[in-house]
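The data blocks that follow each hold one structure.
In the two assemblies presented below, chain A is common to both, partnered first by chain B and then by chain C.
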Partner chain A sequence: MLEIKNLHARIGEKEILKGVNLSIPDGQIHAIMGPNGAGKSTLSYVLSGRDGYEVTEGEVLYNGANILEMAPEDRAIAGIFLAFQYPVELPGVGNANFLRTALNAIRRKRGQEELDAVAFLKLARAVVKSLHMKEDFLKRNVNVGFSGGEKKRNEMLQMTLLQPGLAILDETDSGLDIDALKIVADGVNALRSEKFSALVITHYQRLLDHIIPDMVHVLAGGRIVRSGSAALALELEEHGYAGLEAA
Partner chain B sequence: MSVSTVEALAEQKYKYGFTTEIAMEEFPRGLSEEIVRLISARKGEPDWMLEWRLKAYALWRKMEEPDWARIKHPPIDYDDLYYYAAPAAPAPKSLDEVDPELLKTYEKLGIPLNERAALAGVAVDAVFDSVSVATTFRETLSKAGVIFCPISEAVREHPELVRQYLGTVVPAADNFFAALNSAVFSDGSFVYIPKGVRCPMELSTYFRINARNTGQFERTLIIADDEATVSYLEGCTAPMRDENQLHAAVVELVALEGAKIKYSTVQNWYPGDEQGRGGIYNFVTKRGACRGRNSKISWTQVETGSAITWKYPSCILQGEGSVGEFYSVALTNNFQQADTGTKMIHLGRNTTSTIISKGISAGHSNNTYRGLVKIMAGAQGARNFTQCDSLLIGDQCGAHTVPYIESRNASAKVEHEATTSKIAEDQLFYCRSRGLSQEDAVGLIVNGFCKDVLKELPMEFAVEAQKLLSVSLEGSVG
Partner chain C sequence: MPGWKPPDMTALPTRKLEAWRYTDLRPLTGITFATPPALSAPDLPSLDLPRLVFLNGAAAPEFSADLPFAGAFVPPDAEDVLPLAQINAAAARDGATLSVPAGQDAGALLLFAQAGGETAFAMHPRHRIVLGEGAHLTLIEIAKGNGEYWHNPVFDIALAKGARLEHVRVQQESEAAFSLCTIRAEIGEGAAYEHFTAAIGARISRTEIHATLVGEAARADVNAVELLRGTQHADVTTIIRHQAAGCPSRQVVKAVLADDARGVFQGRVEVAPGAQKTDAYQMTRALLLSPRAEMDIKPELEIFADDVKCSHGATIGALDDEQLFYLRSRGIDELTARAMLVRAFLDDALAPVEQPQARGLLDEAIESWWRRS
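Entry: the complex of A and B
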């Protein structure tokens, strides 16, 4: 269960989030839509602990724990995963090595046994196959020379392997063609369970044709200005965001 | 948690900083003809060797310390140093006679000299201050005809080989530190691989400085005869001391027709503390001559230690079709200074060279790549590829690249690529959001940056080198 209560955050002197309230129960997928500059990416970075954002008011609880006091790695260990809008390149770092290091860091902290190279590869290959990706994904360097679509798929590979309790997708659909969009949607849908929840941040409605959300929220001017069922996304598609900020 | 101010300030954990309590024999401070004679006599050297040393000493007296490198240090008082320090007990004839304190020292360093406990497939020559204290697996090697012994022993036992090759790659007059080394070198390793022999195991020398105020001047000579192959590795550590200590070594490699020499270094001399006090001055001349057709010399170095590193392992590519390689990782943290690189001198036709240099600077350190690619008139069809990459951690450090290219043959092809980058905050955040700690993230990124070089190291040492890189950067991001 994720609970965001009266969250205010700023970058430097500029207040971006002005009192966000949102609850996502386990097992649900919520979408956040909104115009450019509404604070969508800021919300995802504040939730995952990126530097440079100052929370001035409010709190964020995940399974009852205040995550705002946690380092980014501890949030990952607690089960939060951020799929990046612009996944970062790590030259010379093999994808398999990166994934295994990450998975084992999380397993170690959770008191689970670490996976050796053989056990890890077996697991990783199965995941690669389930996502209809080529096996050479594991051998390539993290995101180096990947196309936009490949980078997003790699995010889905990481997410599926790390098995988060809460996934935050920060405009993961931006710049994707329809095939890549489906892969992202398949990745999220495959994780759907009573123990999994997701916050899907998107500018466009089309991703929500493939990931049907339980609720849709509109973020505008640093606040949630409207909430509704999946049908709200269609309405926004038709009428745009105009006039919502004042609401 | 403040990733935004990436600073390199924290202490470096140097786990080899202990000292060994052992009775030592030291010659009086300072350098004179008398000291040179004393060293030679102590080693029981023949007259020709003493003459050679005295000539070098006379040259050195007239030479000036070089000042072109991008390094700074207070003047070194050469008359205040000890030039010879050795365990007082007589030289051991076999491993059983080695002082248990010394065996313990090497065990603590992770270099067991007991053959049963030794690293599988690696023969070790252990040099403690001025002398070699033990060489393992000598019998196994001699069955293959390989000579692997302290150079002081080679001077007595194999004078014909030593006289033929010593000083032919790095002459005494080459530079100030080479002349100094030629006059006072006390020990080091000698390797000879006979024709057609592939050395059956990795050879390794482990250098340890222990005594205070003592310079270490080791000399290594490796000869690979026609079609011979050898892989050699050196490692170095020293105690933590407040004063600076001088290490001025010379390494000469000779590769005859079709011979291949791979020389790897993991240099971890004491780098000084976080304020820049103490540490080793590592002023080293390393050069290999590819004399025969199709011979190959490959240098791989991982330099993480020393207060100052001044070192340019080079190749003279004389034989037609010969190949020179230089793979380097130089990491500086705190107040360390490194000015390192290579020289590739192309003399023969169709000679090729490859230079891959990775410099990592953190803290207040300065890291310079300095390299020369020289194509002589006769080097028809010569080729070089150079890649120099620098990685900056924090905003108080410096990275500098000084490449020189001289070509006197129009058919030559020379390529140079260089990049400078910082560990980006979004890279760190990306790793951390996947559950990696900040330090693991830095280690992963730095090791990725160095991968092209690390993969050239022998397997056993590549793992060690990766750990060393992470340890040397501990606390550099905070």
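Entry: the complex of A and C
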């Protein structure tokens, strides 16, 4: 269960989040929509612990623990996963090595056995296949020379391997064609369970045809200005965000 | 050691020389360097390779392989134009003499030099490596030790047509040591000198490489990493002389500098008239892990031919916060994440080292450097 209570955050002198309230019970998927610059990525970074964001008020609990006090790696171990809007390139770091280091770091801390190179490759290859990615994905440097769609799929590969309890998808659908979009949706839907929840940030209603959300929220001007059922996404698609900030 | 003489300190280069602007050898002048003591129980690496062992500068046949292509020490000429080689010339009493006959693949060989003693001492080995036409050798060199000493080796290398020498140096000298190495390689037609240095140890070190491409399509690869901390100083200086047409040279030098460490790279590329179709590439990057660390980079191009491709670049930076966050957001702890990024930073300098044992040795050396910092 994720509980965001009256969250205020700023970058430097600029206040971006101005009192966000949001709860996502286990087993549910919530979508956040909103205009550019609303603070959606800021929210995802604050939840995952990136430096440079100062929380001035409020709290965030995940399964009862105050995650704002935790280092990014500890949040990942607790089960939080962020699929980046702009995945980072790591020249000189092989994708397989990266994935195995991450997976084993998490498995170790969760009290699970580490995977050796052979067992890891077997698992990773199966996931690569399920995401319709090329085999050489594992051999390339992390995100280096990847197309936009490949980067997003690499985020899904990481998510599937790391088995998070809470996935935050920051515009993972942007720039994807319909086939890639379905692959992303399949990746998320495959994780669905009573123990899994997700926060899906998107501009477009179309992703929500494939990942049916339990609730849709509109973030504008640093606050949640409207919440509703999946039908709200359709309404936004039709009428846009105009007037919502005032609401 | 019989015939040992104290080094001629008056011949030491000073910072007034352009080639020595960034490296100050005055700390050596306050030290009295004695005769190397005997060293009898070396700490040999467990590499499964034939080896030549030098202990405090003296050949140790009892620990060395009996190689058909190794010969007796040949004293160098008395006169030399390079100041350190001049000091070496006057004092050299031992060294490896390798001569691989034409057409022979001599495989990989370990040149292991260990030093240690109670009082400061100096050693000036003179190594000679000659590869005949089409011959091949991989020379993996480890230099290590403890205590205060000055290691001043000179390598004279000649590669005949089509020969290839892979020369991988792992410099892990004592932290009180001075390690000043001069390498001269004459590279014949279609021959290749592939050099890699890891400068990790020593208080002050310099690796000075003169690679002269004398035959067409000869190739020189000079790659190096400097991994330094504390107040260490490491200098990699290269002089690549393109004297024949159609020769490629590639230099990638990476420095990772912690604390108050100082790294230097001076890279000079000379293209002689007539050395058309020269393809010379040079790249230096420094990663500063501390605001007090310093890197000095001096590329120099001297080009007297018109149809050439010469490029050089240099960057100095810190670890990237975004990359660090990306790794940590995947559950990787900060220290491991930093180690991964440092290793990645070194990657393209290391990539040309293909011999598996050399690679293993370098990976281990980098890993253990990182664990200690």
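One rule holds in what follows: the second predicted complex is superposed on the first by the 247 of 247 C-alpha atoms of A that agree within 3 Å, B and C clash if a C-alpha of one lies under 4 Å from a C-alpha of the other, contacts with A are read in each partner's own complex, and residues count from 1 in each chain.
Heads up, the rule we're going with is that a contact is a pair of C-beta atoms (placed from the backbone, for glycine too) under 8 Å apart; a residue touches a chain by one contact, two chains touch by 3 or more.
Computed from a prediction, not measured in an experiment: that's the story for all the values here.
After superposition onto chain A, partners chain B and chain C are found to clash with each other. Contacts of A:63 after superposition on the shared chain: neither chain B nor chain C is touched. By the document's definition of touching, both partners, chain B and chain C, reach A:158. Legend: residue contacts after superposition of the two complexes on their common chain; A:71 is shown touching both chain B and chain C.
Chain A residues in contact with chain B (one complex) as well as with chain C (other complex) are 48-52, 71-73, 75-77, 81-82, 84, 87-88, 90-93, 97-98, 101-102, 105-106, 109, 158, 162.
On the chain A side of its complex with chain B, the touching residues are 48-52, 71-73, 75-77, 81-82, 84, 87-93, 97-98, 101-103, 105-106, 109, 141, 158, 162.
By the touch rule above, chain A contacts chain C in their complex via residues 48-52, 71-73, 75-77, 81-82, 84, 87-88, 90-93, 97-98, 101-102, 105-106, 109, 158, 162. Against chain A, in their complex, chain B makes its touches with residues 1-4, 424-427, 429-438, 440, 444-445, 447-452. Those residues of chain C that touch chain A in the shared complex are 321-323, 325-334, 336-337, 340-341, 343-348.
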